[in-house]
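Two complexes, one shared chain (chain A), two partners (chain B, chain C).
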Partner chain A sequence: MPRSKEVFWWSLFSAGGVVSAFFFPATIIITGLAVTLGWVTAEDLHALVQNPLVRLYLFVLISLPLFHAAHRLSHLTIDLGLAHARRPSAIVCYGAAIVGTLLAAVGVITGL
Partner chain B sequence: MADENAILEVFRYQPDQKSEPTFQRYEVPFHEEWVVLDALNYIKDHLDGTLSYRWSCRMGICGSCGMMVNGDPKLTCSVFLRDYHPQVMRVEPLRGFPVIRDLVIDLDDFMNKMTEVKAWMIPKEERSIEQGEYLQSPAQLARYRQYSTCINCTLCYAACPVYGRHTEFVGPAAIALAQRYNMDSRDGGYEERAETLFDEHGVWMCTFVGDCSRVCPKNVDPAAAIQQAKVSATKDFYRSLVPWGKRRTET
Partner chain C sequence: MSQVQSHDSESSARGDHAARLYHQPWPSDWWLRRASFTLFMIREITAVFVGGYAIFLLVLLFLPAGAFQAAVQGPVSAFMHVIVLVMALYHTVTWLNLTPKVLVVWRGEERVNPILLTAAHYVGWIVLSLVIVGLVVFLAGGGA
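Up next is the complex of A and B:
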């Protein structure tokens, strides 16, 4: 059995890295380039996000990379040798990711 | 005969004579085919017999001649003077370890870590001699073979910025070797190693800088071993949360 609580945060970091690497480029092409180049219209995209599965996708796309970033940034304290700053930085970083996740959840549920 | 000299600045620390370390400059004949260890041996034999350093095989197998050469961890038997000459070569003990004397480092911490992670075979089932060998297929061997080529030279520890700041970190080679046995189909010691491997000073301290894999003279890729160990621990964690999750027996 794993002995450290770190395993939980690392799993979110790992999943966030996969999401960032695989899904961000596709999403950027669709929302950034495809509309600009006229391949799809903004109305098409708006219709698309009405689909619950697309909203779930957006939630995952926002939440997991936030935990990825939080983990990476909080581990900077190890790389910089600031051992005493580890706990405060973890609270700030993971806290921000949790807040971002809650906001994303509210956003995709209420359609904001 | 060499018609030019190579210059080495060698770290000297002789606690019986001087409390502070110094650098001493030596000029040795420059030969195309000489490695840095040849130059150190020349110094020891012809210029200064008081210089202390470890070496044995001269062929990248024993792992004892690791030193910092111009700031980078190297096996001194595997880097040539011509790789640096005419640049001055600064030879120092491996970074991150206590120095006993000159270029000789104290390996106790590393040896203790190898013991803590139980970097040896813990057979899944005991077999008597009459029962014969522990058989393994080529595919099963291939899973861990890369990690088994570690020669314990500790260059990866000298390269690791995490170990450099936090010596409680189990570190690259010990984790790679623990992973080597965890991935061995004949081994059943995963749970015993998990205690050390996955605690707060284990794999989670690694921030995946990856310099351990860059400096490894045997292409062990300890950074990959550490990330694989993290994935194993993560799978176990989520398996343990569900009632139908089976406890793992092999990686």
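Up next is the complex of A and C:
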């Protein structure tokens, strides 16, 4: 892969790593435990997710971490000795991240 | 034209050479042979959960009210979230611990102590997390 392309994918990996490191634990607590623990009601949480700013926040939390995961998972196939599957695995992983990003954009725009 | 041809023959020559390179046999269980290798592999596997949770958030964007409310409560949802949380925390800790290796900050002639830099990131992460949870509880709960 040309150096410039690698830098592009690596910066998406890095940005996704930062976003998921800083924002995922708190967000996981909210979507997974806040209602069960009685901090908020499920109805209120659903209403909150209809807010445009919250949807934009979720778009960032969907897209960048998908590219982060795509980078790691496509390298995982090489680490597991499947170096010959490098290209198809990269195409599947990054393809999924691109499709996920487009779907998230649709989800954010249609919800506005 | 001759330039293009010479370039082609050069690249095919390189291809032949690459085909003859020796590849040392590589056992696929190499990552079980040392604790540090296994920890590296767990760190890489966190990507499955990071990607999986991103897809869950994507689905949440589209779910109608009833299905949304079912997805964010109950023992099954809570249990799965706890597993994802553990893996996400492992990602956070390994990521923040690597930060000073990637991000070298200089204050004048002096390099800022990497431990200080990591500590600052941990404080930032904890404060940010409290703000996010606090905001949601305030906005979604009594505040709004």
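In the analysis below, the second predicted complex is superposed on the first by the 101 of 112 C-alpha atoms of A that agree within 3 Å, B and C clash if a C-alpha of one lies under 4 Å from a C-alpha of the other, contacts with A are read in each partner's own complex, and residues count from 1 in each chain.
Keep in mind that, in the parts below, contacts are C-beta pairs under 8 Å (C-beta built on N, C-alpha and C of every residue); 3 or more make two chains touch, one makes a residue touch a chain.
Computed from a predicted model, the values in this text were never measured in an experiment.
Touching more residues of chain A than its counterpart among chain B and chain C is C. Once the two complexes are laid over each other on the shared chain, residue contacts for A:Pro52 go to neither chain B nor chain C. When the two complexes are overlaid on their common chain A, residue A:Pro88 makes contact with neither chain B nor chain C. When the two complexes are overlaid on their common chain A, residue A:Phe23 makes contact with chain C while staying clear of chain B. In the superposition on chain A, contact is made by A:Val7 with chain B only, not with chain C. Residues 75, 79, 81 of chain A touch chain B in one complex and chain C in the other.
Per the touch definition, chain B reaches chain A in the complex via residues 161-162, 165-166, 191, 194-195, 198-200, 202, 204-205, 207, 209, 230-231, 233-234, 236-238, 240. Residues 26-28, 31, 41, 44-48, 50-51, 53-58, 60-62, 65, 68-75, 77-78, 80-82, 84-85, 88-89, 91-92, 95-96, 124-125, 128-130, 132-133, 136-137, 139-141, 144 of chain C are the ones touching chain A in the complex.
If you check the complex, the residues on chain A that touch chain B are 1-4, 6-8, 10-11, 14, 75, 78-79, 81, 83. Across the complex, chain A meets chain C through its residues 16-18, 20-36, 39-49, 55, 58, 61-63, 65-66, 68-73, 75-76, 79-81, 96, 100, 103-104, 107-108, 111.
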